[in-house]
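Scrolling down, you'll hit the structures one after another.
One chain, subunit A, appears in both complexes that follow, with subunit B as partner in the first and subunit C in the second.
And then the complex of A and B:
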């Protein structure tokens, strides 16, 4: 190797070192410069991009981590010979005898949610149509505000109210009058002795809690429908209620769908109020007046005792896993439905 | 005077939104199978006048009206006059295309279904004739089940015309129907309006003098809520009697 060549290499090395430091400096300093200059044209806000990426990923990561954690915690019961995935259809829950069937809770939760949605969605959408289409301007804001306040009441307060008012009402008034009335007395749904703590009480209190969500979100969705569509319908000779039913609701269907999804999510996950009024009895309810046990209640009630028994504890986590999968499925189905609605309406 | 079947007469009509007077003592009439242009600068009450003719202003809070609008010999603001019946006979096309977010076919069948047409074949026929009248059939006949909002702006407006024609109203109100469209679509719709004159009475709001000249038979010039001139279009444009009309036509106000 000749001297010049070595020199050349040295030279190039020192130069690359300089440029490396230079580049490092640029790496560190430039983003901050860019951040400070972000409002000048032609500058990309790199630092802002990076900092905002963190919260954006965080929410995704949290979902994945929670799912992983639930899976991990429920592995013992899902792999054990007394458990396995079959627990989801097994109706016998008796930790003392190592029986961990969770079907009762799944059925209880589904029935409670069905009743709640069945009441809250029609009533809520009706209320929203009134607020958005028929209500005098002066009344709309106050009513909406009060409805929004309803959403802020803690669920335990709803539970207390239901325990004192709704449960005795079902026991003393509703059940006897339905069962003694010859018109309705024969219907299987209304049979059975009851102390008021029942599937119906859970469904009704859940429905009341869902109402504000359904009403406010649906109202907002209906209000985004352009006035010109209502006018077009009226100009064709439609009445106001025909316009509301056939044009406004249909145009706002994706938004209404979103309201139902949120309500569903809240319904399956609600714990306190339901726990207080459903009676928490280990049986599958056959009538509206039978007590029931929902998934959230069993976890809250038994986690304390179960913590030192690996299988028992794991079974409770499995209930949580099923709950989570259920609500993810609801959300995904609803998203697909909303997408379909948007497509057929030409929004996307 | 009333030997026209679908004659509309406006007698001493004044309207207010709240305390603000919009129209001041307007009297005019619209004859069968003519195009009447209502011209005037922005905010002069053109649209209000049009929307008073099918009572679409009724829903606006604080709207107040004096005077009469007589359609087929009856005052449409009389107690007991069915506004739904009125709107069945007076169709309307709006400033911006406003197709319902449904399929093209459903957009057309909406009106007839409201008024009790149930027969599928008949509905199908209405879809075809309405779209043909609006000169849209050739472009959409294979896509009748596609969502209407996916059409282009000009096509959407022609769909809205077809929708208005679907219940076969003798009178058609058009509120600046081309102002939101590109020149080519606008020209198509202007042609269409002239074509439709054969079967319909058309009342067209516009602030474009050239357009009024091209399509209309008679014209009303409104200025700040007053009816300044009401005459044959040709007469108004060629020899405006009022100095405000002249100012508008020559472009000094507008």
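And then the complex of A and C:
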């Protein structure tokens, strides 16, 4: 290597160092100079930009705080010898004997959600197909409005209705008629005495609350399917129902998937209505008429008493952490569905 | 009339001609029944709540009608629900006062001041996650963070801050959507006249996006108004209106909490009061929803 080259390298290095410091200085000092030299409206403009930065990250900050506090509060039970991560598969919940298994609540939540999704998804998708494909124009707007209003009704009002109407109906009409009917009486799912507060009541009221979500999102997804696809199918001689079932639904599949996942998230997190009708009994339900206990209910019912007992309180926050992780997973899955739709179809 | 009957007759002839067309007819008919099933709970709930609650909210007996909202529960909870009504209004106003500016400013920053990139992606993603978090988790978080960690104590401040957190995703995403729909030419015209970015944003862009913004705000208010779970551990309950901002005098009742407390009470006459409160709450929430729809139909309810 010749001397000039070495000098050149040295020179360039020192220059870049200078320019780096210079650039850093510019980054820090220049905005201040600009700010001081600006007139009044210019000052407002520059100060406003910094001021807006704080609210922009409010939602990020809140998420981080929620995660941090749930982790912090549930650390005692996750590290204690009577607890540990194994509580999620341990079915015995008895705070008086220091037993904090939360499996009952996880199973209860999953069963309730399964029933609700099993009812709400087929019915909701059917309703959405009607609304988007076959509904007379005059009826479409009122029906859409009603489904949106259904989404706005507070969950406590649904809970009140279920408690006053649905629970007595299950106790007095549905359970006896199913159990006394020789055709259905032998099915294990329908066995057991019931006072109406049951897994079934929770599943049905949840399904009713999920319907508007499923219908609204699925209708939106179906309506973004290009008309040309429908026209092509009809031109080939398919009937309207064949077009809807085979063309439109498969073209809108990502949107339908997102609707189902979001409904799942709501079902797992729903609190008041389920709390009022599931009976809140510490057992794993074996039939539709058995009472059950879901994750949201245990927090609502016991956090008020438990907050002075470190382990008990910590176990309840661990339930909250499980709920939070589940809801984040559902949101992520819905996002993936949307990305899939944008990638393969260009719309959702 | 006769032509209609004739058309119907022809339609039925076509339908019964082949198996495929008959199946097509059957499918549509079934789906029409399904949509009736979908919307029937709305009327079932409305009829049940109204049939018992109507007397409370619009009747003229003692403790009914206007008195239902202007008297405190009193001895044996025999009076009205003024505590709950006032409490809900106070909670929503305070929550809106914190939550709405926070989310509108946030939306303005990420739509107007950032390029599409990681900043925007992070804010959008976290607000979507926030929208999906169960309300009881917000309640537990409010209890652990605001009540316990910050020593705010249960009461109106902790309750309304928890509700404000819940408002953020709805308002932020609808405002963002509304801002995005404002044509670029409006901003460019304002900038070309020499306005700063700041005054363009406040005087031109936000004004054009105002209907969408109002819709988002109303949707969020309607949502938090009916929330019970976040308030149980953060706002407490009160048979009167809050008298101070801290301590046990700041505990505050709300309409959803009152419905829950009354419905789980064994005393018979409280059932009617629970229905009355539920009817009043439903009327408030549904009115807000309809107004939101009237202000702007264009803003879609972003659920993702």
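Heads up, the rule we're going with is that the second predicted complex is superposed on the first by the 265 of 348 C-alpha atoms of A that agree within 3 Å, B and C clash if a C-alpha of one lies under 4 Å from a C-alpha of the other, contacts with A are read in each partner's own complex, and residues count from 1 in each chain.
FYI, a residue touches a chain if its C-beta (ideal position, glycine included) is under 8 Å from a C-beta of that chain, and two chains touch if they have at least 3 such contacts.
Owing to the predicted nature of the structure, the values given are computational and were not obtained by experimental measurement.
A.B. asks: Quick check on the superposed pair: does A:156 touch subunit B, subunit C, both, or neither? Answer first, second, both or neither.
C.D. replies: Touch status of A:156: second partner only.
A.B. asks: Per the contact definition in the header, classify A:223: touching subunit B only (first), subunit C only (second), both, or neither.
C.D. replies: Neither partner.
A.B. asks: Between subunit B (first) and subunit C (second), which does A:215 come into contact with in this model arrangement: first, second, both, or neither?
C.D. replies: After superposing on A, A:215 lies in contact with subunit C but is clear of subunit B.
A.B. asks: Touch test for A:246: subunit B only (first), subunit C only (second), both, or neither?
C.D. replies: The answer is first: A:246 touches subunit B but not subunit C.
A.B. asks: With both complexes overlaid on chain A, does A:347 touch subunit B (first), subunit C (second), both or neither?
C.D. replies: first
A.B. asks: Would you check which partner chain A:137 touches, where first means subunit B only, second means subunit C only, and both and neither mean what they say?
C.D. replies: After superposing on A, A:137 lies in contact with subunit B but is clear of subunit C.
A.B. asks: Once chain A of both complexes is superposed, is A:287 in touch with subunit B (first), subunit C (second), both, or neither?
C.D. replies: neither
A.B. asks: Quick check for you: in the superposed arrangement, does A:191 touch first (subunit B), second (subunit C), both or neither?
C.D. replies: neither
A.B. asks: More residues of subunit A are touched by which partner: subunit B or subunit C?
C.D. replies: Counting residues of subunit A touched by each partner, the higher count goes to C.
A.B. asks: Taking the superposition on A as described, I'd like to know which of subunit B and subunit C A:234 touches: first, second, both or neither.
C.D. replies: first
A.B. asks: Just which bits of subunit A does subunit B share with subunit C as contact spots?
C.D. replies: After superposing on chain A, subunit A residues 239, 242 contact both subunit B and subunit C.
A.B. asks: Across the complex, what residues on subunit B touch subunit A?
C.D. replies: Answer in residue numbers: 54, 56, 59, 61, 84-88, 91-92, 94, 96, 98, 100-103, 110-111, 114-115, 146-150, 160, 163-164, 166-167.
A.B. asks: Going by the contact rule set out above, which residues of subunit A touch subunit B in the complex?
C.D. replies: Touching subunit B from subunit A are residues 137, 226, 228-229, 231-239, 242, 246-247, 250-251, 343-347.
A.B. asks: Considering only the defined contacts, which subunit C positions touch subunit A in the complex?
C.D. replies: Residues 20-21, 23-24, 27-28, 30-32, 34-35, 37-39, 41-42, 44-45, 48-49, 101-103, 105-106, 108-110, 113, 119, 122-123, 125-141, 143-145, 148-149, 165, 168-169, 172, 196-199, 222-223, 225-229, 232-233, 256, 259-260, 263-264, 271, 274-275, 278, 281-282, 285-286, 288-290, 293, 300-301, 303-304 of subunit C touch subunit A in their complex.
A.B. asks: Which subunit A residues qualify as touching subunit C in the complex?
C.D. replies: The touching residues are 41-42, 44-45, 48-49, 51-60, 62-63, 65-66, 69-70, 73, 123-124, 126-127, 129-131, 134-135, 143, 145-161, 163-165, 208, 211, 213, 215-217, 220, 239-242, 244-245, 258, 262, 265, 268-272, 276, 296, 299-300, 303-304, 307, 316-317, 320, 323-324, 327-328, 330-331, 334-335, 338.
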